[in-house]
Amino acid sequence: MNTFGKLFTLTSFGESHGPATGGIIDGCPAGVAIDMDCIQAELDRRRPGQSSLTTSRRESDRVEFLSGIYGGMTTGAPIGFTVKNENQHSDDYNDLKDVYRPSHADFTYQMKYGLRDPRGGGRSSARETVARCVAGAVAKTVLRQKGISIQAYASQIGNIRLDGSYTDYDLNLTETNAVRCPDAQKASEMEALVRKIKGEGDSVGGVVSCVVKGAPAGLGEPVFGKLHAALGAAMLSINAAKGFDYGDGFDAPLFKGSEHNDEFFNDNGNISVRSNYSGGIQGGISNGQDIYFRVAFKAVATLLREQKTVDKNANEVILKARGRHDPCVIPRAVPIVEAMAAITILDFVLIEN
Amino acid sequence: MNTFGKLFTLTSFGESHGPATGGIIDGCPAGVAIDMDCIQAELDRRRPGQSSLTTSRRESDRVEFLSGIYGGMTTGAPIGFTVKNENQHSDDYNDLKDVYRPSHADFTYQMKYGLRDPRGGGRSSARETVARCVAGAVAKTVLRQKGISIQAYASQIGNIRLDGSYTDYDLNLTETNAVRCPDAQKASEMEALVRKIKGEGDSVGGVVSCVVKGAPAGLGEPVFGKLHAALGAAMLSINAAKGFDYGDGFDAPLFKGSEHNDEFFNDNGNISVRSNYSGGIQGGISNGQDIYFRVAFKAVATLLREQKTVDKNANEVILKARGRHDPCVIPRAVPIVEAMAAITILDFVLIEN
Amino acid sequence: MNTFGKLFTLTSFGESHGPATGGIIDGCPAGVAIDMDCIQAELDRRRPGQSSLTTSRRESDRVEFLSGIYGGMTTGAPIGFTVKNENQHSDDYNDLKDVYRPSHADFTYQMKYGLRDPRGGGRSSARETVARCVAGAVAKTVLRQKGISIQAYASQIGNIRLDGSYTDYDLNLTETNAVRCPDAQKASEMEALVRKIKGEGDSVGGVVSCVVKGAPAGLGEPVFGKLHAALGAAMLSINAAKGFDYGDGFDAPLFKGSEHNDEFFNDNGNISVRSNYSGGIQGGISNGQDIYFRVAFKAVATLLREQKTVDKNANEVILKARGRHDPCVIPRAVPIVEAMAAITILDFVLIEN
Amino acid sequence: MNTFGKLFTLTSFGESHGPATGGIIDGCPAGVAIDMDCIQAELDRRRPGQSSLTTSRRESDRVEFLSGIYGGMTTGAPIGFTVKNENQHSDDYNDLKDVYRPSHADFTYQMKYGLRDPRGGGRSSARETVARCVAGAVAKTVLRQKGISIQAYASQIGNIRLDGSYTDYDLNLTETNAVRCPDAQKASEMEALVRKIKGEGDSVGGVVSCVVKGAPAGLGEPVFGKLHAALGAAMLSINAAKGFDYGDGFDAPLFKGSEHNDEFFNDNGNISVRSNYSGGIQGGISNGQDIYFRVAFKAVATLLREQKTVDKNANEVILKARGRHDPCVIPRAVPIVEAMAAITILDFVLIEN
């Protein structure tokens, strides 16, 4: 199950330390002009080593398209692409090949498959999200032409969180700091926290919030194809994701129906709503308002400190810490959340049209 | 998109006020003895009118199986079933046919389809979940034979919430009160709250927590078929669901990696973990520990009080309140959450085996 | 796998001698007026006991719609329906429950499932095609509005075959005789053959040809979603089907490229073709010409004569012949071929639009 | 729709003259030893320029695996691979970019997508089947370990056809001649025919027959997942395929039920059949006998002679013939038929197990 989507689909491949990651985008409409710089720019937002806050793994992450584009335009044929893994240090992992790192996928892969690729987590590595960013960049290109935009940002890192909703911030400021938080003061606090955690060889999680603007009413299917269920599945497929909610989400229980029903009114002849607790989705279908949601991420499991664990023979061992380390996934999760949102929304746009 | 699942699937049909709801269960293993009383018991847990807390709509909700079972055993053929809608009052809805009820699916269905069945919300009615409970009961029957059990309960209604995790309660007490909460004191507070809200003609939401015990390691697929992503999609497909998380979920950001990594140890020769913040799922795959998750539900949109809204021509109108009303979905959501969990887990069991 | 289609889907259920057969049609566009008489008329074409040539099983085969239609119009919700099995004689099959009838599915079902419903072949009975005719009738209704028509006919029964292609006959004559052959002389010969075979307690197969007119260019997907591959899968899913070809099909090898390439020419400003050996499909995609194909059917396995066989314990037994018997499936296969063609073509129309 | 299969899937990409073709194999069991030489050998069987009978396009067709294999073993992760297109002569196609070649996909692609990649047919080129051969070779590797073998051969080219069934020949002789026909005399006649046709700048079609040995009883699903329907869809997805039948196929109508029912008998305690007109499939499910089927192919549309046609503006033009040309696809279709059979059969083996 390495395919996502129904009409617009991404099938991805690639391990952390194999020769390349990549994927196939299928179902992209024909005749879409692809701007290679835009695609690469999205990949660059996900790239390790962007700032001193993230992992120092260095990859140029250049995407190479192998099919489906001719004369700068999509042809309707599947778009195959690869991104080389330049930074392969397989030898780094020899002493890890029989050890189960806590809260990693080592143990479960071994249970499921009877063997595993120990190099950097193999398929469970977040390196796999490279393919999502490529497909997401293509999806964004199509959506942009339809007036649909997607913007995510860090709304919480550790215990530092934005108090307001997305409407309270200028989201254009998101890319102005290393943590991708649109509130300068909070961003500064988040950066300080990440630096402190990094210094401890520890890691910290957070929350990414996302808003989709310009989506037409009618996206999503009742019952088992609800738009928010598809968005939830998309987000929960991202490494380290622990939760998803939309609209007032986990706060909804605190409101009475009379308090958070979104009242309709006549807005100069148009039907509009006085509030949007629904998060732009009612009965599983978009209503034309902004769609907004949150994704919770745990602290990454790799630490630069010793941990107790066992090997495959149940021998207790001390996991030695060394090498590269990403103290907080949130800044790099921002473009991945956007990418998965774009893939999901475009799929429903194509189903509807 | 009225089909859920990959190998074990439910396809459902039926509107609130049509002659019947029902569905087709496909992919059920052959040779499973079906206890009709068990199936009906699950349906009865979902049935309206069980207690004074829920809607007074009266339905006997008797399931009739039309195929796929012979001599009390499943044959491997699709299991078709229907449940009659006894309580049809289509005339009740004549004055609603052009009105968009706030935070209902009336507006979005009209935008999507250009017309809608106005009787009781039509397809968007929670009546559709009848089919899920039937399929869930069949799935539970199969899972029980494999030693897998599923137990959900109300962990929050309005601002009254359980402070502990599922391990702090005797979940066998869940069915001893009308709100399905395993803590008698909290249950009593929740009941009082629901009664008060009902008296106000208002509604209130809450959270259902669920635990799956006995699931083997190895369920779930890396990347786009992660077990928690499938569970999330399943839960978010339930009416009024607003969020999903698993393990420490939305609390995860508050922990450092060193605090919530689940340390492996040698437990008398077996590999075990000292904690289960992962919620039984690592890298998208079950690790043999308890799987636990939460689902947030909003207050239902139907109120027994007047609300401002508009009709399809954007005329502002006052929505008259009358008739039946379910002030809180949480008690009846408990069996639905279990049903969707059972359908999802069984699907992965079949994929794995 | 009892679901067919991608966007317009049929999921069916029902055994020969259970209480009912039926299905769920999902993905039907909203706002389509459904003429119940047209639907029933399609079912009547499939009904047993229409003429003295077919099985004498008597069923009124009345379809009951349970959802998805409101005020005579489709709503976009799934269309659930049932057709009662009136003619249940389960006792007839007691002495067959351990016997493997030659060339039936008795043996393979037992191998696959470890048990089987012996009543009339259970799920392997052609009674299942009732659901296809209902879905096909709905699909035809939608296609008719788009100017697409589908017409099948008997082109061969036993060794009596039509020499010409569909363009040589007036297909409106198809329904004027009991074998559904548009050539009166051949129809008469076919009828005589079927009567003779019936008198011998034997059975005979044949070929159904089908033509789709009015399909726009552009239906079908390159590579794995070729239109003719989908049509082939649809036709080969019909009971007793043994082969499928389109255009010049199995005769194609006899032509050189220079002989059967379809030359384009300028037809008063429009691009047209001088021949249609391609059968309206080039590169897997419709080209706007008539789509035509053939389906071969074997003689049905049920005979009214004794046959040698074994029971489940490998004891050799004589299969006693008695009861009802359909000497030739071809006349009743004609509407089923049309139904499956309609379902398939509509699915691609919806994918394309 | 560039994905084939349900649990074992191939998603392919690549045009005739892009930088590479390739694909992703998903769902391959973990722990399968991959012999690179065996994989390459299958690709070599499909490779152009093998003999003087086929196209002179020269490609080394070296497959490069990018993921999913570690230490020579499959890991359960998706297997990404590429095969470079070495022989790109895009300039050859400049004068074809507005011309619709007869019976090619030029016209239909233009109608569907509004534009097309004119280089060598783009995505409609048989070059795409490279990916199928790679996936088929992997599937064969898995099947071999389960005792299942697949063998195809040329049974007809033009009007020269084998009179017998597969049981009349030593299929080990198939690879001993350039046309891949197990009858030396017929092979010689076929070769002479192809040479003659080639000399005329013309092309000729034929039939590939295939037999699957060792498949267990129980593969395939009743109704819409019938084994022969899946095989049919697989075969009809191959370029230039015009028809598919299995068992006695299109000859079935010539037999009475009493003549071709496959009588069961007690074969030293085991249940066996005296004939296999069913082609190893009864009721859509394998019965443990040999599975055999045929695929008809038309003559390829590319000719080395002038043809009349039109350009996109409906101007009548003479299509100039030049360059490379494959007078008969049959020899190279043999490994492709095997590959698609292997992919299909393995998928059902995995579904069943």
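Letters are used for the chains, namely A, B, C and D, taken in the order the chains are written, and counting of residues starts over at 1 for each.
Convention: contacts are C-beta pairs under 8 Å (C-beta built on N, C-alpha and C of every residue); 3 or more make two chains touch, one makes a residue touch a chain.
As the structure is a computational prediction, the values presented were derived from the model and not from experiment.
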Maximum centroid distance from chain C, chain identifier (CA atoms): A
Between the pairs B-C and A-B, the one where more C-beta pairs touch: A-B
Chain centre separation in whole Å, for chain D relative to chain B (CA means): 46
Centroid spacing, where centroids are CA-atom means, of chain A and chain B in whole angstrom: 27
CA centroid of chain B to CA centroid of chain C, Å: 39
Sites on chain B at which at least two other chains make contact: 1-3, 12, 77, 109, 112, 123, 222
Residue ranges of chain D in contact with chain B within the complex: 7, 77, 222, 351, 353
Chain D contact footprint on chain C (complex, rising order): 1-4, 12, 100, 102-105, 107-109, 111-112, 123-124, 128, 156-159, 197, 200, 202-207, 217-218, 220-226, 228-230, 232-233, 236-237, 241-250, 252-258, 260-266, 269-271, 273, 277-279, 281-288, 296-303, 305, 307-310, 314-316, 352
Footprint of chain C on chain B - complex, ascending: 1-3, 9, 11-15, 18-24, 26-27, 30-31, 64, 66-68, 70, 73, 75-80, 82, 109, 112-117, 119, 122-123
